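One structure, pasted below without further comment.
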């Protein structure tokens, strides 16, 4: 394979990896660390994507002082023809808008998190999983039916905020996504090592005991869901901006099932495990995608369905034979006690 | 779900539609509730199990060209077998390793994904080998008519009634049924008194699979079926189970008819009065009903009625 | 001696089974009081009622002068009463010392917002770690400090539970079989520590225990229950020779 192809492959992989890492860290925080089975992640991801998409063109018009009578969603293509040249000429303007859109994505995620938390504070395990699953279905219904949101089934495009980089558009976009993912990883790792993170894990391990120690379970669960949902919202917004467009097709397979598979693979609970699981999965997935047409002659069926079969079977295999995944949870350190009074401090 | 007929509210066709839909939904929900009570697991694979029933029936029609109802018993057996496969092949090994409920649920989700892939492959095969459409399939044209109403109405209600009676008789008057109920109430106690709990579970997975298969086999008589039809209906199935109340098996039937009523009759009434656009939001109906139930009567209709009776 | 805890005519039942049938007893401030009785006499139920894990059908519970009947477990905990459980209820994936650290009631780092600014909580955390380490040392668990509790033995788990209770700086400790599964030497040490804590900080202990050979050496006062009622109370020597007590134990 030519070097160019390899680089393209790696960049593609990194982009997908970054997005999924953010989502999966959000899921791991909820399930792996706090014990909340969120089967409705798609709600926060799609929420981030749709709301950001919906507001993006509108805000772009407003902030860039573009005067037009056209509707930003219905006449989306025409409106963007006015907006994009401005963005393409100014990296700073574009990046500023990017930051704004990410904040909107996070806020949308938070909103979805609030909605999800209503059942989550009252229900447990199976009831909760089913309810969150049902919630997750709802956004695609709204997205398809309510045209002003994202223009119905055909969807809508977003302003080209990476366009200023010309032919290096995808490289820059990937780099930025990767940076966001790294920042989020560092943030979550630190969060889990705080006393706050410790309480989350305690609630997961034994909710009743945590309650009897005076911890406000509701507040902690809500915090966990909110943070996780904000992360998913950011990921949704990022993916929409990277792809340049959204359609109301954010489905359960991509954004609810696959994240679970990835954190299971890597090891539920451990953030490093989440990184490993995401990396392994995305690599495998990309490889299957690139090479599946090579398999096509050998398979008696349309190679498109190969993903479903392989990934479903892989999940079952992991669940039976190695449910702890690759990396085990290990937050065993505590800050050192202060040195006894009277002794010189080291260093 | 393309069968909401936008007519003036509460006319005969709407009632027929409601009763047909609810009968089918109740059969699906019966399976869900049965599995929840025996295995304490929400079976996400029920989606594809139902779709499997539809495609088994359709395959019979395509390959053998007979009456569309002939495939129903085969669907019962085959999909029941799929249920057994899920139990013995996936869940039982996990239960032996003491997997948590959440992991079991994910396993059912994974099985659903695999089955979905298989169904698509089957659909592709039917289309290419028999030159028939295998998506958006609808068999209502081959249905018989009785008293001016589509035959599916009578069959659906009839089959549901039959299943309910059989289930009732089984659970209350046979040794097997009593052992099954014991496993549902308290599996460790049941085990201690000699009930083969694993066998009871296997039976319930076969029965639930069979119910899914039957309801799926009847589905193409009434609405368009695609490989993802079961997935679309999954939320409604779970909703019907929860709304009816997971504490009693018959709750599934209560939930199915209540949800069906709100879904079919309710949407029809709304559409006539508010505007046809509301039909787009019809998939949101189960969710709204679910939320209302969880807030007002968390133990579902059956629990609510049980408490009233006390 | 002031009364730390008193229960008056407390009754409780599980469905038709009457677990507590009008129990009245009191625990003196700063004392180490034992609660004994055959299995099923209602000892754990009494503790459950006192600490809010079960609602009584009747009667009152007083903590000093305050009535705390029917208070929730969190409220009871926050007012200075700590209990342990017969079956240790630990946080399985957390380490031994982390299990103790969670018991701290006032760690600012547990608030989501404050946790972001390390400076706000790191000192408190360090002090809590020191306190927890000392407790673990006394209980002989220092080497297990950084291991997840799921790998500990049953006896070590009980000790961790006790350690967690001791973190709470409570005024009244209700311990449910704190030394079951613990080897005799360590058990004696633990009871000695309990007594010294009482001397050092003036805290009060009410202990349910079956191993009378160890417990009776250290306690001031003994309450005996049988069939949901209090049948005897007094100093260890008095109670051991009480005929009703002997009868209750032999009848089982």
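Letters are used for the chains, namely A, B and C, taken in the order the chains are written, and counting of residues starts over at 1 for each.
The working rule: a contact is a pair of C-beta atoms (placed from the backbone, for glycine too) under 8 Å apart; a residue touches a chain by one contact, two chains touch by 3 or more.
Bear in mind that the values here come from a model prediction, so they are computed numbers and not experimental data.
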{"item": "Chain separated most widely from chain C, comparing mean CA positions", "value": "B"}
{"item": "Central chain of the complex, centres being mean CA coordinates", "value": "A"}
{"item": "Top chain pair, ranked by how many C-beta pairs fall in contact", "value": "A-B"}
{"item": "Whole-Å separation of chain centres (CA-atom averages), chain A against chain B", "value": "32"}
{"item": "Separation of mean Cα positions, chain C and chain B [Å, integer]", "value": "51"}
{"item": "Approximate Å spacing (C-alpha centroids) for the pair chain A, chain C", "value": "45"}
{"item": "List of chain A residues in touch with chain B within their complex", "value": "31, 37, 39, 119, 122-123, 125-127, 129-131, 133-135, 137-138, 141-142, 144-146, 252-253, 257, 260-261, 264, 301-302, 304-309, 311-313, 315-316, 319-320, 323"}
{"item": "Chain C - residues contacting chain A, complex", "value": "53, 73-74, 77-78, 89-95, 97-98, 101-105, 107, 109-112, 115, 118, 121-123, 125-127, 129-130, 133, 146-148"}
{"item": "Of all residues in chain A, those that touch chain C in their complex", "value": "191, 194-199, 201-202, 204-206, 208-215, 223, 269, 329, 332-338"}
{"item": "Touch list for chain B against partner chain A, complex", "value": "36, 40-42, 44, 90, 93-94, 97, 99, 101-103, 105-107, 109-118, 120-121, 124-125, 231, 234-235, 238-239, 242, 277, 280-281, 283-284, 286-287, 290-291, 294"}
